[in-house]
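Chains here go by letter, A, B, C and D, matching the order in which they are written, and residues are numbered from 1 within each.
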Amino acid sequence: MPSLLGNIFKGWADYSKGNEEGGHHDYEHMYALAIDLDLCTGCNACSTACYAENNLATVGEDKFGARQAMHWLRVERYFDEPDMDKIEETNDTDTQSRGASFLPMMCQHCNAAPCEPVCPVGATYHTVDGLNAQVYNRCIGSRYCANNCPFRVRYFNFYDNADSWPAPMDQQLNPDLSVRSKGVMEKCSMCLQRTRAARDTAKREGRELQDGDIQTACQQTCPTSAIMFGDLLDETSAISKIWKRHQVKLGVYKQDKENPELRGYRIFEELNVDTKVLYLERVREV
Amino acid sequence: MSPDRPKRRPFPWIRSIMAAGVVGALIVLGGQLLEQERVGGESPVTEAGPRVPGAVFPTDTFVGKDVPQPINYSHKLHAGDLGINCLYCHTYARRSKVAGIPPTSKCMGCHTIVATADEKPEIEKLTLMWESGQSPAWNKVNDMPDFVHFSHERHLQKFLFDNPDMNIEDSREVCAMCHGDMVEVGVAKKMRPLTMGFCNTCHENNDGPADCTRCHK
Amino acid sequence: MTAQQNPAQKHLTQEQTKDIDENIEWAKINADVLRSMENPRRGYWVAMFISVALFSVMIYAEVHQYMFGMGDAALNTSHMWDLYISTFVFWIGMSHSGTLLSAILHLVHADWRKPIYRFAEAMTTFSLLTAGIFPVIHLGRVWNFYWVMPYMSDRGLWPNFRSPLIWDAFAITAYLTSSVLFLYIGMIPDLAICRDNAKGWRKKLYTWLSLGWRGDDAQWRNFRFTYLMIACLLIPLAVSVHSIVSMDFSMSIMPGWHVTTFPPYFVAGALYSGCAAIITLFILLRYFFKFEHFMTMPILDKVCKLTFVIAMVWTYLNLVEFASVWYGHDIPSKEVLLAKASGPYSPFFWGMMFFGSVLPFALLSQWIRRNMYVLFFVSVFLNVGMWLERWMIVTPTLSLGYHPQAFNTMWPGWVEWAMVGGSFGWFGMLFLVFVKVFPSVSMYEVKEMVYHRKRTVYEDVDEMMNLHSGVPGPEPDLGSAPAPQSTGGA
Amino acid sequence: MATKIDRRSFLKVLGLGGAGAALAGCDMPSYATMEEGEEQVFSYLAPEEYVVPGIGVWYASTCLQCSAGCGVHGRVREGRALKLEGNPDTAVNKGKLCQMGQAALQTHYNPDRITSPRIGGKNVTWPEALAFIKEKVTGAPVWMTGSISGHQAVLLDAHLNASGGGAHYAVETINAQAWQAACADTLGDAQPNLHIDKALCVLSFGADVLGTWVSPVKFMADYGKFRAAPRGVLTVVEPAMTLSGANADHWVAARPGSEAAVALGVAQVLASEYSVSTSALPSGAADAIVAMTPERVNALSGVDAKTLSKIAETLMSNSPSLVIGDGSYETAAAAMILNLMLGNVGATITPSAELVPADLGVRSGSTKALADFAADAQAGRIGTAFITGTNPAFTAPGGLKIEDALSKIGLKVAVAMFEDETTQLCDVVLPLASSLEDWGSHVPATGAGRGEIHVQQPLMEKLHPEVLGLGDILLGLTQDAGADGLEDFEDYYGYLRTAISAMIGADFEPEWQAVLQAGKVQAPTADRSFTANGALNFNVPETKAPPAGRLSLITTARQGLFDGRHANLPWLQEAPDQISKAVWDSWAEIHPTTAAGLGLKDGDYVTITSDSGAITTRVFLYKGVHPDAIAVPMGRGHTHYGRYATGIGVNPLNLLDGTADGRTGEFLNTTSVRVQATGDNRHLVRLMDVDQQYGRKLAATISADQLRRNQGGA
């Protein structure tokens, strides 16, 4: 009896502590991303690398058109520049004279994630590494999490996409993570399998995880090195320096920067979901 | 109410509901106690001290099926009587997720000299396979579902290599935590359920990680 | 004894001035209700066939969805929910008026509810049984639905108690059990009557179900107390169930969903669509089972007026929500509101506004309240309006939201329409079986009503004629009322 | 109960009794998912020392998805290649890969691979195929390949010499021949090193530097440094927006074929307003510049004087700059003139290193080779043709009539991984090994590594036992043809190992393992210097506005499906196009005003007809294309290329009439077409249906001045 009921009482302590301090956990790491939109050329290498690393299914034209595709990382392309600081020549010229702006959009791993409290079976939760984890075996497919995600970066297996890997293409599947069946929600896991492998290597070598031990698949293949991954709790890491240089802090819904012209910003910050992907504004000659 | 109705005691509704409640409670509590006993709690400390010092040893009464194997190898003889260390054959347990079935070259290392093909029919089968360059197709016994990330290396590191009071000769004790005492078994028999409940309980007792993503791929 | 017909009521027959004819014999009540449970005629089988056909389409759609996945329901990355959830809320809404009628009005002693509360309570139970299907079939992995329940699993896992879907599961199961209990306990005296008049398998069934009811004084006292206790427990439960269902939306952060007035708005909407459904079933039962004597016009009048009042409450709450968005600063919510009014879903939105807020004014005209055919269609369209309202809450928000990449207009796939249609078939099936197996009008309550009405009417007559009152002796011989035969029932 | 209830089933009954099993196939409590004895495990026989099951090993190799030849690290576990990453040690891509490189896995594991030799569509064995070839060979065999380099090229020449000196046609649809010709004419070095990272301003005329031009991953890495503080300015002049155009600070739409006019116009502005001397230019350049007045530029290209002066001002205020031009010889020459005028030569353009073992050098492919092949075939000068690494039947312009040119060849042998349009027309098809299961050595397209030759090694066993590598096939054919000195190599691995060991001067295992680990070997190089030389003959084409109802079609190239070779990879078919975000289908990009003129709205089908073909596809409206142009990306429209490409999209290459560039003979990728709406409309399937941000701060932009003000904040 103690093991089961104990679990709920012990669980209750964590659970209540979680509520008292506004979702506070005692984090071991706080993994985050920083993406420099001025370096991002929109070449889509990161998205294809994500397909290769995470066993993403290709669904074909009809299902893609019905918006049932599985692109965990999508590179969006916009033609307007809403707040290009007040230049007189607006965008309604008859030529796209300042090119297009690209935005790699993936799960933002919010610290106050709106998808976590609404999952009926607790299939998505915040790990001690500061990641929003999606446990594929626990998900029963109520899909409330995807409805509640303001970024729409949660993708549902509407079909059993087993036909995406006809033999011998199934030999390419990465054994470090599962192939999701129909009825299960999935999303960018910030290459959880790589984090796990790096932690095993570090433990084997008897040392702490250092900055640069873990590279996400998109970061590793990005030709202009626009994507950076790292642990915000580690002051010496490159990612902490970037967040600090752009004066962007976690846990707030409005940054109060001394120099408001710094490029770093977070998307939908006003929703107080506390995202963990720092975007650096794209730069264009006026 | 017609007077001629025969006098019959009305059905004792209340008492039957109460009785059903009690029986139900007994079943549930009994189930839990069985569960408790099956999953194991404090390890029964035998006089020779805990089998793995510093670890709560999971006990379980689960007994698996006898799985037919291409060669009926005997752990009882090799690991038991001859006292060969587990890690001699299952070398990958020290360095990788999987413990690994020993390559045929390791078996033939001894069996070209000791107990050669002409003495033992099983060894003859093995040697035939060795010469034809085809390794035996063993049937998995302690099989984890594909979505589980279980790393032998991490468990051996905690209970064997980083454990000061544990020396490598008794690696058999650490393996017994999940595989039971292989010394009394033929090829292999599942001695632990290896279900999520079993792993969870052991992790709780030995303060292992409780984060879902540590084990769920 | 025909009352002097004043010109305004010239077309009203004598029975339409009083809630119930107090001279009706108790034997006639038993006879009428028991006749409604006799072997069904052709019309019944046609209705049953349609219901079963619709339900089998639903079964086929569910098996298809179970085999191939949710894709054919045309759901996509932006619209993860659609008709399943809106129809689930619709059916939960339908169930609340049954409780309103049978529990709330019971407490306020509005005895005009007595002839009609039984089928209203049955409607509650069956719409709950129908609503219960949707949270299960909309799951991606339906075979793990039991993970929602807090059972002691050997994996040491519990459901996530912070999720509104878990509250839904608890609320609906609690509400289902209590409304089934309330329906059954309220029916025990009637079942005793049926037991005494039934033969064959019905007799065995009713004997079991009536729990040995003899109608003696101790049993009545216990019954009265139990019935009152459950009624008191049921009222807060009914209100909380639909508030929790509304929290599925108000707990989210989506524009158009996280509105603080959702709980009362949903409860009002629930009572409103429930009353409309009561009118519909009132007319159907009255027409098919010739219950003109019990389901009289004045009672229908009162139900229509009640529906109108609740409709206005709902309209007020609806407009409050629009106003709070209009004057608020949340730009995405304003976009959703404007898109509802002018976007691809605008015909359904204006349909909802017309059927939900304008059509109820038709209930004010006495002509419509008297005309069965018109009132039937008015009540059906009220419910169509309420179904559209649920749909217009779910889908337009999901079609817009915060991220422009998610902007997408979605129309339900064939699997969804099959499920929605099938749910009406399932409800119809349940209701048709109910009317043939159980008394759809509560006999002892109608007798109670007749008895009380008679005493109030004749009391003043007694005083006038200073006859001895209070003792339910033989009726004064006032003309043509035939003497009641004594029957087995109380 | 007949059977004995053992404890396990009792607990199972107990567990199930309460909840009740729901639908069939439900997920039983975790007891039931445990299987015993269901799955099998095969132990190794005698494994390598470093091979541990469960731990991935990274092997170094080379990516052959395009001719850039980036270095690759492949992750292999339990004998299966799982993931490709860039090789950090190769100077060309320094650990990075583009999306085509990432998708190389699907080329290897593609279900539509040819798995055994075929004659006339019937599977045969290798001896039968080789015997058939030996018997049917007439005349000296010729080879048609893509860009090829390294030891395969050496073997190819050996085979050609040994069997009668046939010609070698290196064919690449997407190439930089015009730029190489211009550099050769002006600098004496066809492939100078371009240093984008040292430039403060890059001006590109029709060269998609970040997308498909020469070595995109290298240029993208340099672009990363180019954008770092002090920030460089990128200006791109092209008829339709490519990936470079999308990232330009200033994108200029020029009428197709008029880039040379714009370049000369800029030179004219530099000379007149900024008095940059034009004396040191090659003859013929100065008067071409003087003739190109702004009014004439506007007439020819639609680019007004204000834009010209803005480009000139950017060039002058940000030096050193770098000007690149491609597409036609005139454009490249005009760009080189601008480089000479601005003094970029020596600053951002430096001499390339000459590879001492010259025979390993790159035979860079061109479309002129395809024209010569077709001409020779028509004239009956080709008896036997070996075709590999290219798909002429798909990429040839319609005007070339490649089908009946091929029909005139006696014996056609295709050495290919997939059935495609060309193998349909060939008599013998030999199954080729993929880049992940073959040996080879490749010289990268840009000389970034100064003589680095990338080594290609197999990451895993061959998927299909019958396939052979190009090196092995060449070695076999050459040994049959009786070449001396190659007899004692029984496979290409032996030949390659001896050749490379000779190059590094050590024939022992450790050195060879070191080469395989590095994935590259350093070949000796000799420095080269620029030699200014003679005349530049200019005839800038008169590109006028097309007559009513006609537009000029451009076949744009995209980093993804490239020239159609990657159409059979589902990852790349489903990867949204970088500019239009469309998937799994072709589209025609057209300017909104032109579309309004033709009465077209988004998603309308149009039929585009030229005098050598017609295609019907949907319109995509956006302002990133010149109003007189209609741009259809190449890559789709295969009639026979496996399940993922057949019948998907349309092939604009067939519409080109095959007019060639004067100096280089390359096909121009523009032709005049008639565009008619067909009336039906279907929503073009795209990643996102909106191009605007609706006032939300998603991809925010700031001006460069604000960045410079906060240089510290970067």
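We take it that contacts are C-beta pairs under 8 Å (C-beta built on N, C-alpha and C of every residue); 3 or more make two chains touch, one makes a residue touch a chain.
Here the structure is a predicted model, which means the values were calculated and not measured.
J.: Please identify the chain with the largest separation between its CA centroid and the CA centroid of chain C.
T.: Of all chains, D has its centre farthest from that of chain C.
J.: Would you mind checking which chain's mean C-alpha position lies nearest the centre of all protein C-alpha atoms?
T.: Centre-most chain by C-alpha means: A.
J.: What pair of chains has the most C-beta pairs in contact?
T.: A-D
J.: Measuring from the mean C-alpha position of chain C to the mean C-alpha position of chain D, what distance in angstrom results?
T.: Their C-alpha centroids are separated by 67 Å.
J.: Any idea how many Å lie between the Cα centroids of chain B and chain D?
T.: Averaging C-alpha atoms per chain gives centres 54 Å apart.
J.: As a quick test, compute the distance in whole Å between the mean CA positions of chain A and chain B.
T.: From the centre of chain A to the centre of chain B is 38 Å.
J.: Find the geometric centre of each of chain A and chain D from their Cα atoms only, then give the gap between the two centres in Å, rounded to an integer.
T.: Computed from C-alpha means, the inter-chain centre distance equals 31 Å.
J.: Give the residues of chain C that touch two or more other chains, as numbers and ranges in rising order.
T.: Residue numbers touching two or more other chains: 141-142, 144-145, 152-156, 402-403, 405, 408.
J.: Multi-chain contacts in chain B: which residues touch at least two other chains?
T.: If we look for residues of chain B contacting two or more partner chains, we find 32, 35, 39, 195-197, 200-201.
J.: Pull out every residue in chain A that's touching 2 or more other chains.
T.: 3-4, 7, 69, 74, 76, 138, 268
J.: When you draw the chains as points and link the ones that touch, which shape shows up: line, ring, star, complete, or other?
T.: complete
J.: Would you mind writing out the residues of chain B in touch with chain C in their complex?
T.: Against chain C, the touching part of chain B is residues 1-2, 10-11, 13, 28, 32, 35, 39, 195-197, 200-201.
J.: Mind pulling up the chain A residues that touch chain D in the complex?
T.: So the residues of chain A touching chain D come out as 37-39, 41-45, 47-49, 51-53, 58-61, 64-65, 69, 71, 74-85, 87, 93-103, 164, 166-169, 171-175, 217, 220-226, 245-246, 259, 261-263, 265, 267-268, 279, 281-286.
J.: Which part of chain C faces chain B closely enough to touch in the complex?
T.: Within the complex, chain C touches chain B at residues 152-156, 211-212, 214-216, 488.
J.: Along chain D, where are the residues that touch chain A in the complex?
T.: 77-78, 80-86, 93, 95-99, 101-103, 105-106, 109-111, 210-211, 216-217, 220-221, 223-224, 227, 231, 233, 241, 243, 245-253, 314, 463, 559-560, 570-576, 578-579, 581, 583-585, 591, 593, 622-624, 627, 648, 683, 685, 687-688, 691-693, 695-707, 709-710, 713-714
J.: Going by the contact rule set out above, which residues of chain D touch chain B in the complex?
T.: Residue list for chain D touching chain B: 7-8, 11, 14-15, 30-31, 33-47, 52-55.
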